[in-house]
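Take a look at the structures below.
One chain, chain A, links the two complexes that follow: it is found with chain B in the first and with chain C in the second.
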Partner chain A sequence: MKLHLRIWRQDDSQSKGHFGEYDLENVREDMSFLEMLDVLNEQLIDSGQEPVAFDSDCREGVCGMCSLVINGKAHGPLAGTTTCQLYMRHYKDGDVITIEPWRSEAFPVIRDLIVDRTAFDRIMQAGGFVTLHSGPKPEPNSIPIEPEVAEQSLDAATCIGCGACVAACPNGSAMLYTAAKISHLGLLPQGQPERYSRVKQMVEQMDKEGFGSCRNYAECEAQCPKEISINFVSQMNRDYLKATLLEPVDRRSKMNAQ
Partner chain B sequence: MQRVLALYESSLGKKVVVAITGLILYGFVLGHMVGNLKVFTGNDAAGEPHIDIYAHFLRTVGEPLVPYSFLLWIARIILIVALVLHVYTVIVLAKKNHSARKKDYARHSYSQASNTARWMMISGTLLLVFVVFHLAQFTFGTVGGAKFVEGKVYANLYFAFQRWFFAGLYILVMAGLALHVHHGVWSLFQTLGLDNPDRNRTFRLLATASSIGLFIGFAAVPILFYLGLMPLPPATESTQLADGVM
Partner chain C sequence: MDFDAKIPDGPIEDKWTGHLESIRLVGPRNRPRYKIIVVGSGLSGGAAAASLGAMGYKVHCFCFQDSPRRAHSIAAQGGINAAKNYRNDGDSVFRLFTDTQKGGDYRAREANVYRLAECSTGIIDQAVAQGVPFAREYGGMLANRSFGGVLVQRTFYCRGETGQQLLLGANSSLAEQIRNGGVQMHTRSEMMDLVVVDGRARGIVYRDLITGQIRSESADAVVLATGGYCNVYYLSTNAKGCNVTAIWRAYKRGAAMANPNFVQIHPTCIPASGDHQSKLTLMSESLRNDGRIWVPKNQSDQRPPSEIPEEDRYYYLEERYPRFGNLVPRDVAARNAKDVCDSGMGVGPTGYGVYLDFRDAIHDQGKKVVNAKYANLFEMYERITADDPRKTPMRIYPAPHYTMGGLWVDYNLMTTIPGLFAVGEANFSDHGANRLGASSLMQCLADGYFVLPSTIGDYLSRHPSGEIGADDQHFKDVEGEVKDGLSKLMSIRGNRSASSLHRELGKLMIDYCGISRNKQGLEKALSKIPQMKEEFWAHLSVPGSDDQVNQALEHAGRLSDFYDFANLMCRDALHRDESCGCHFREEHQTPEGEALRNDDDFANVSAWQYRGEDHEAELYQEPLKFEAAPLAQRNYKT
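Let's look at the complex of A and B:
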């Protein structure tokens, strides 16, 4: 098939950027979207032009490296699919495809379609960890956990940190990412000691990075390649309120009777 | 108090303020709509409309424990503070959201964001402007014709809604309220962390039912007055009527 591609070109975070217009012929249905871009790049290199820079790594839908807003949707038109798992059979001859990077002030463009997502790493560093002892290995089943709770934690843990939630959110909010990370640890017994300090620190870091604030559009949930539920956002709100308003500050002082 | 201020520092805390003030304002519009229904119950034995008696009751409730209009003013102050906090916080958050994506996409495509959610700023602005106008018309009596008499609620409504542009404006704004409530009443429970898959259907149903119910309850007043289905205010001379409708 023959396609017309409008691709965002930008030399670095400082330059203005513009759309490049490209015609691509002989695109096969069984190519993945990224393979289609590989073909375009070979064509560009052959004709002495600069290839389009885009992120990818595993190309199996699990690493979270690939991105791209395709015709206005993060990771393209299919629900629960990363860009690398999107195949050209979903397009038809003569289609015009607009490809843009994640657009967020917290994710500056490095080049073309590649953005800097280290803001997510800093949110993780702020509290996305649990404290474990480094002594002898404990018996694996020594900590009992409700299977449904374990499953729910795993649902949150499927987040691959790709940033589609931020890209999809009309407000550029990172609530779904932060909520998924907080819940995946906060639901497990191992995550309890830092449960309330974690939510405070990670939310504080999320605000510092310059993400927008959530307006409950649920657009993130719909465009998340792992279909993570906004139930986790509600859970984060609950934990955050509890952490800031209800968790005792002074646990040990004496109290007087009236 | 310190903890509340610390909460307000964060974006989540600001959203909680919008949610709680929104809940207060939602409670107010529900009460207002239910109170308005007194318009339809007619007059008492002495010929005074029930809505006028109800309006007087709102001022005398609590006497002699508290002075005249005291509880009404408490409610008014709570509502004014709630409204100011609601609007101010939304503006702060909207600015933050705007600066989170300075360079927008060339193409937009929404998967499930509802129109009512995306129009919150439009419906909210409409409601804010309307509140000022509505107070000027039916509380201060400074707009809407010479016929305004304080305390004569039924007559004031009757004369105002004989005019198509007032009736039309009120119906339009109540549609705006319906849109605002349709997203807002669900959204506030999500922001307060009370929503979960078990309760989601209930909260969404509550929002939709509130939206429809508030629209019907509020819009019935201008519609029925305009269509001439409501009886004349008591003790109305035909010359007064002519004055009232201009």
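Let's look at the complex of A and C:
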């Protein structure tokens, strides 16, 4: 098939961007969307032009590196599918496809379709862990976990941190990502000791990063490639409310005092 | 050159504990004075950086991705082995050890493999404590599944995303250390070279992939956790960014490379569909628990697979290997798939595919049960091929997946350069000539959580901390060399993309140094690689500049190292004049077509030492001893 591509080009975070227009022929339906872009890039490189910069790595839908807003949808038109797992059989000859980077203030463009998502990592670093050292730990079967609870926790933990929720949200909110990370640990017995300090610290960091607030548009859930449920957001809100009432005190420095 | 593996004395079951009790320690007050660089943030690197940071060392961790969570360990699907014996089915540390040795066709170091089996149970404990949501049984106990090459159920799993969950566990510990200042994380930073001062590894030179700046970081020790080199084949199950550059540059600085030809070709991947193919997708081996592998008996059978009756199907693994059936080790399954396809029985448009059929499993267990086990794998397959494996069998074919070869390390995981350590897939590791399923996660985490954090202290304690900074002349010299290398790539200004050149190298390697090899083919590859390298240096096109994001430059740099590496792989495969595990030399097979080892001449590790651009690499051999698990012919038939 033959396609017309409108692709966002931007030299770096400081420059002004624009749409580049490209015609691409001989696109096969068993190509993935990124392979279609690879073909375009090879043609550009062979003729000495600068290829379109975009992020991707595992191309199996799990590393969360790939992104792209395709015709206005994060990761394209298919539900529960990352861009790398989107195949050209869902397009037809003569289609015009507009390809943009994630659009959010908290995710500045680095080049073309690549954005800076380090804000997500800083949210994790604020409290997305169980404090521990490496070494001997209790026998895991000494703390039985209902399979339903383990599965729910995994439903949240399956988040790949791609940022589609932010790109999909009219407000650029990162509530779904943060809620998934909080719920993963908050549901498990191992996550209980730090449950309320965790939610407080992570939500505060999320706010600091400049993400927008949640207005229940639910676009995040609709465009999440892992179909993470927004029920986790209510779970996070409940925990956060409780945390503000409890006001957990970070006693680390006191505990470390000699 | 020192090839002493430094294996501790004593009976095999006491070696590791005895070693731990006798090695030197660095005290908690001194640890912050020692700086350690960890390159790579996957399971081995992430776990090592987090563990070392928690101990109090000053750690700098590097990855080329935008977040440590994206390292390719994340894509591991099926599970992780541990000798917990929860199923009461005869499992033990010793059994896991012998299974791994046998699976690896006796080309690994006994002491290392035993230690790996010993550490396996602690990994599960550690991961559960981090909040890894492993599958549970109804009573709340941990669930298990089985994997190829063993007769017990010892594999722990999180649906089909065990790698992601274990990596999130390691990454959460890493995040804790980054918050506490124990670890400084450098994302979108690619190691370009190793800096060796007075014979010791003292730091790295890296490229900031956003600004293109060449920078240095000095340290008291360097740990490479940079994964495997399957992308030498262009098409593999590895992520697009996986490359050999870090370990190759270390090799050129004096670290020996061990068994580079040992590459695992995974039997269950989705076949390639055309030239545009950018990677191959693995379908977890766990599918072989319930899927039956077959091809039509009649080569010209044009019926859809679901309409082919039982008597016209050739369940070749079940017939050839009645005891293990569809669960034979990966190398055996891969070779048999190639064999039936070479004889014209393959399916699909290219004729290089076999069926993996769930019909009987769905009939026996019900759609719901089968679906619950493999839903995400079925969906992934359907997204890529538009076929529903619940209705029609999957088509699969082997693809390069994991590299058992890598930097030579001693028992302490130190390479031949003092102060340079290698962990995870980057070292030549514990899997011999073939890795069993669900063992890579185990080895990465054993190295990262338990082995390296102890053994690196013994090295550090023998050297004063500090003394050298990144402004030292040695660093400036290496930075200069790196910059020259990049300008050379930029200045060719030819008309061929790195991808098109890489595809040619990959095709050559899979044809002549892939599932099976022979002398003639390897010699042919060795004569062609220099021509391809010449073509690369004459016609490469890298548009743009080197002071900004330039993915074409990144790819070209990685590919330039793959040419020399491919050459060494073929030389290694040619030298190893025997068949063992993944390394199937057609000249050496049993009358039944199985790998025929030559233990008299090749019960050893081949370690190659760089001798300069104009000289052939020099070969050293580390003899392997088999005392606890005596040598035996691999037999998965009876």
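Rule of thumb we're sticking to: the second predicted complex is superposed on the first by the 240 of 258 C-alpha atoms of A that agree within 3 Å, B and C clash if a C-alpha of one lies under 4 Å from a C-alpha of the other, contacts with A are read in each partner's own complex, and residues count from 1 in each chain.
Throughout what follows, a residue touches a chain if its C-beta (ideal position, glycine included) is under 8 Å from a C-beta of that chain, and two chains touch if they have at least 3 such contacts.
For clarity, every value in this text was computed on a predicted model and none was experimentally measured.
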item	value
First (chain B), second (chain C), both or neither touched by A:158	second
Chain B versus chain C as contact partner of A:137, first or second or both or neither	second
Partner chain(s) touched by A:124 [first = chain B, second = chain C, both, neither]	second
Greater chain A contact set [chain C / chain B]	C
First, second, both or neither for A:255, with chain B first and chain C second	neither
Residue ranges of chain B touching chain A (in the complex, touch as defined)	3-4, 6-7, 10-16, 93, 96-97, 99-114, 117-118, 120, 183, 186-187, 190-197
Sites on chain C touched by chain A in the complex	47, 50-51, 54-55, 65-72, 74-75, 86, 122, 124-126, 128-131, 133-142, 158-159, 161, 163-165, 168, 171-173, 175-176, 178-179, 185, 187, 210, 239-241, 273-274, 276-279, 281-282, 379-380, 383-384, 386, 449-450, 453, 493, 495-500, 541-544, 548-549, 551-552
Of chain A, residues touching chain C in the complex	11-12, 28, 30-32, 34-36, 38-39, 41-42, 44-51, 53, 55-65, 78, 80-81, 85-87, 89, 110-112, 114, 116-118, 120-121, 124-141, 143-147, 150-151, 153-154, 157-158, 160-161, 184-185, 188, 190-191
Chain A - residues contacting chain B, complex	6, 17, 19, 69, 71-73, 79, 98, 100, 103-106, 168, 170-173, 203-204, 206-207, 210-219, 221-223, 229-231, 233-241, 244-245, 249
